[in-house]
Amino acid sequence: MATLSLRDVRKSFAATQVLHGIELEVADGELVVIVGASGCGKSTLLRIVAGLETATSGQVVINNRDVTELEPADRDIAMVFQNYALYPHMSVFGNMAYGLKIRGMDKAEIERRVKAAAEILGIGPLLERKPKQLSGGQRQRVAMGRAIVREPALFLFDEPLSNLDAKLRVQMRAEIRRLQRRLGVTSLFVTHDQVEAMTLGDRLVVMNAGRAAQVAPPMEIFERPADTYVAGFIGSPAMNFIPAVLEDGGASAKLEDGSSIRFADGPRPGPAGRRLTLGLRPEHVEPTNGDGSIPLTVELIEPLGSETVVHGRAAGGMPIVTRLQGAFSGQSLSVHLSPKHLHVFDAETGRRLDS
Amino acid sequence: MSSTALPAAVPMQAERDDALLRATRRRRVMSKIVAHGALILGVLIVAFPIWMTLVGSTHDAATIGRGDVPLLPGSHAIENYATAWNEGGGKSRTTPAALMLWNSLLMALLIAVGKITISILSAYAVVFFRFPLRMAAFWAIFITLMLPVEVRIIPTFQVIVDLSLGNTWAGLIIPLIASATATLLFRQFFLTIPDEFVEAAKIDGAGPLRFLKDVVLPLSLTNIAAMFVILFIYGWNQYLWPLLIINDRSMETIVVGLSKMIGSGDSQNEWNTIMATAVLALLPPVLVVALMQRWFVRGLTETEK
Amino acid sequence: MQKKVIFKGKLLPLALLAPQLAVTFIFFFWPAGQAIYQSLLREDAFGFSREFVGLENFHEVLTDPSWVNAALNSLVFSGFVAGLALGLALFLAVQADKSIRGATAYRSLLIWPYAVAPAVAAVLWLFLFQPNVGMLGRWLNAMGIAWDYRLNGGQAMTLVIIAAAWKQLAYNFIFFLAGLQSIPASVLEAAAIDGARPARRFWTIIFPLLSPTTFFLLVVNLTYAFFDTFGIIHSLTNGGPAKATETLIYKVYVDGVQNLNLGSSSAQSVILMILVIGLTAIQFRAVEKKVHY
């Protein structure tokens, strides 16, 4: 089994720099998910690890061996592609066996490994079929089988679930997780889907514009997002952002409407008047009739069944989204911003400010 | 037109519908009759010369020489074809059809296989690699579309003479195996092979030649079949080039040999054996088209895209 | 268009290209260059000396009445061949595109003359129109028409046109049918709902939508008539009688191979090359248009 280290990996296409020095340590058996919007460089990073793309500078180290210069075939990796890349003219068996055959493995061993992998994936009866005779989920399994039989040091997944319908995606997600645990193979998984990222990863790398905005376990990312990008990207509906300035020696923030919120977890550094962005998740915007409540004009109601998302607008024109238990109807709503759950960011840099 | 079928007075709704319906039906039937009539006529135009050739190949030379070619086959088929096959057609009987057919087959196969082979190799190089002068090489091949053999016939013949390739199979075939059309078709097809296949192959450890053999060639089979039909016919039907290059009667191809039997179209000729040779000359390419029609039609319309 | 994912290596692709490039250079570019070079030279009758004469060969060719005659013959020949083969093929394709019984059988029966060599097509038609043994030739004579294509230039031209058009019919039919089948059914349905009758639908909807195919085929047919019909003329008439069916390509052959007049033959080749380049360029414009449709 294996570890992976990325050391200051940079990549430019002509004049455009798409990766700005990525650092990452993946422990043995860990599943790290790289998540980000399209164009953030996540696929490029994965392809650099695979050797399909060459880094402009930096190092890729697998199992303490520098593989930066090596061909993909010599890196002891296996990859599951977004569209599976199954060779259409080869049977399921042929597809899974191809990489082993090229490496000159003997027939009996190939047979044993393919059968074993097919067993694990539940595609044993399909071995003689051609890819076009398979359903989407079955193709997905074959693509994984092709990776498994190689018994590689590292699994790479390039958005492997994005071609499946919603229901199957959830099912395969759980299956990949179970399988990865069972085989204990170090894995790197790229996706643009934050739910997939949260449910699958031991740790997440949230990427933004070619940089790793935050590398941390899922709950830490959710609870303590490192900057406004991560805060807005993870969680649905997205976090509310409210402009404010620091006051009272850093102990509270003054909103645009003149009201103040006192920080529940202690003062933030900086001079009075420092511009802040306050973040509050919709579920922490609580309906209230008490003092200091903010009146909202309701603009849109999205009933989700057990809860309702309400899009409203405060007096100053600031949009605020809230998530309420049960059903809701009405033209207006008063809410209270819960100081306990407040995230504080510097308005200039977007970085998180802790007490 | 249906409007003429409408009565002048405003009819009852049902009656009017009936009139419209009748007119529409009549028009549909007419349209079908026209279609069948035209197509049958077309098929007759296409088939009549061939039918008469078949008929001509089954009578004796005297019947045809008198000018009494009937519309139906005669009883001399076996002897005519045997003569053509074993000795040759026409008065001169220079080369047996069996030998000429073999020569044509060899020429057509070598041209088709040669064109396909070198076209696949060059298309593969141009699509799957980046190297200096890549585009220059591509354009060099592409521009040969504008230099058909007929146009540069004399200087090309001189090159063959300079290389002492006259009267040789190499001289007959090699100049004809460069193919811009086939290269373009394969290039077009290779561009549609998903990038992920190449990546999967790289991770599987397959090099470029292995990828060509294990993935690209199997995926290209239908295109190869389509190209084969077109190029086999192209090769079989060559006329001007073999006429120039080949003097040796034992290397005569059947298309050229047949034409030589005619001479100046004299009536005092063995038309029966000539017609038997004609049937033998058109049978192989027609069979190839008939048996591989699906690939052939697709290939033909795709190459021109 | 380029692939994003490629293999590394510089020598292997060059090795893969080598056979094609070698053939191309030795048998295409070198001869083409030779043709241009020789078109600027004149050789004496014994081949002992050569002199550079500039564009004189071209001037001679273009003012030579027999070349002008051949050019006119080529125009008449290719005009009629293209017109006949295109018109008939379009008509048949429209009929075969209707949903009638046996449509596929008709299609198969109309396609196969594509496989017949031009020279063989010539022999087939010769056997019909030979004045003494040919069925139709004798019939024409019996009707009181003095038919002998070996003596009458107009009749010779008619016969080579028929044989050449007959052979090209299948090719045009295949393309017209493919073109018709690629017209979206929804467009025709919309026209039908707008009230257009079939004949009107053809001229206002189908024919315009088919025009890229038609134009493409027109160029292909002209190219065919100019260059690929050598076999037909050589087998049927040998350019005769009295050069009545001598086309440009046939004249290149006669002057180069039979009269061994290299300078003139080369100049004629160069003129033809310019012609092909023109036709090919037009063809690519047409193909581009077709793709954009």
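Think of it as A, B and C in the order they're written, each chain with its own count starting at 1.
Throughout what follows, a residue touches a chain if its C-beta (ideal position, glycine included) is under 8 Å from a C-beta of that chain, and two chains touch if they have at least 3 such contacts.
None of these values were measured; they are calculated from a predicted model.
Enquirer: If you average all the Cα positions, which chain's own average lands nearest?
Expert: B
Enquirer: Compare the CA centroid of chain A with every other chain's and tell me the farthest one.
Expert: C
Enquirer: Could you tell me the distance, in whole angstrom, between the mean C-alpha positions of chain A and chain B?
Expert: Chain A and chain B have C-alpha centres separated by 58 Å.
Enquirer: Quick one: report the Å distance separating chain B from chain C, using the average Cα coordinate of each chain.
Expert: That gives a centre separation of 14 Å.
Enquirer: Using mean C-alpha positions as chain centres, tell me how far chain A is from chain C in Å, no decimals.
Expert: That pair's centroid distance is 62 Å.
Enquirer: Specify, in ascending order, the residues of chain B that touch 2 or more different other chains.
Expert: Counting only residues that touch two or more other chains, chain B contributes 199.
Enquirer: On chain A, where are the residues touching two or more other chains?
Expert: 52
Enquirer: Which chain C residues touch at least two other chains?
Expert: Counting only residues that touch two or more other chains, chain C contributes 5.
Enquirer: Mind listing the chain B positions that touch chain C in their complex?
Expert: Residues in contact with chain C: 1, 27, 31-32, 34-36, 38-39, 42-43, 45-50, 52-53, 56, 64-65, 67, 69, 117-119, 121-122, 124-132, 134, 137, 140-141, 144-148, 150-159, 174-175, 177-179, 183, 190-191, 195, 198-199, 207-209, 211, 233, 236-237, 239-240, 243-244, 255-256, 258-259, 262, 264-265, 267, 271, 274-275, 278, 281-282, 285-286, 288-290, 293, 297, 300-301, 304-305.
Enquirer: Flag every residue of chain C that touches chain B in the complex, lowest number first.
Expert: 1, 3-7, 9-10, 12-14, 16-17, 19-21, 23-32, 34-35, 38, 88, 91-92, 95-96, 98, 100, 102, 106, 108-128, 130-135, 138, 150, 166, 169-171, 174-175, 178, 197-198, 216, 220, 227-228, 230-231, 234-236, 238, 249, 252-253, 256-257, 262, 265-266, 269, 272-273, 276-277, 280, 287, 290-291
Enquirer: Mind pulling up the chain B residues that touch chain A in the complex?
Expert: So the residues of chain B touching chain A come out as 194, 196-197, 199-200, 202-206, 210, 214-215, 218-219.
Enquirer: Please output the residues of chain A touching chain B within their complex, sorted ascending.
Expert: Those in contact with chain B are residues 50-52, 71-74, 77-79, 81-85, 87-89, 98-99, 102-103, 146.
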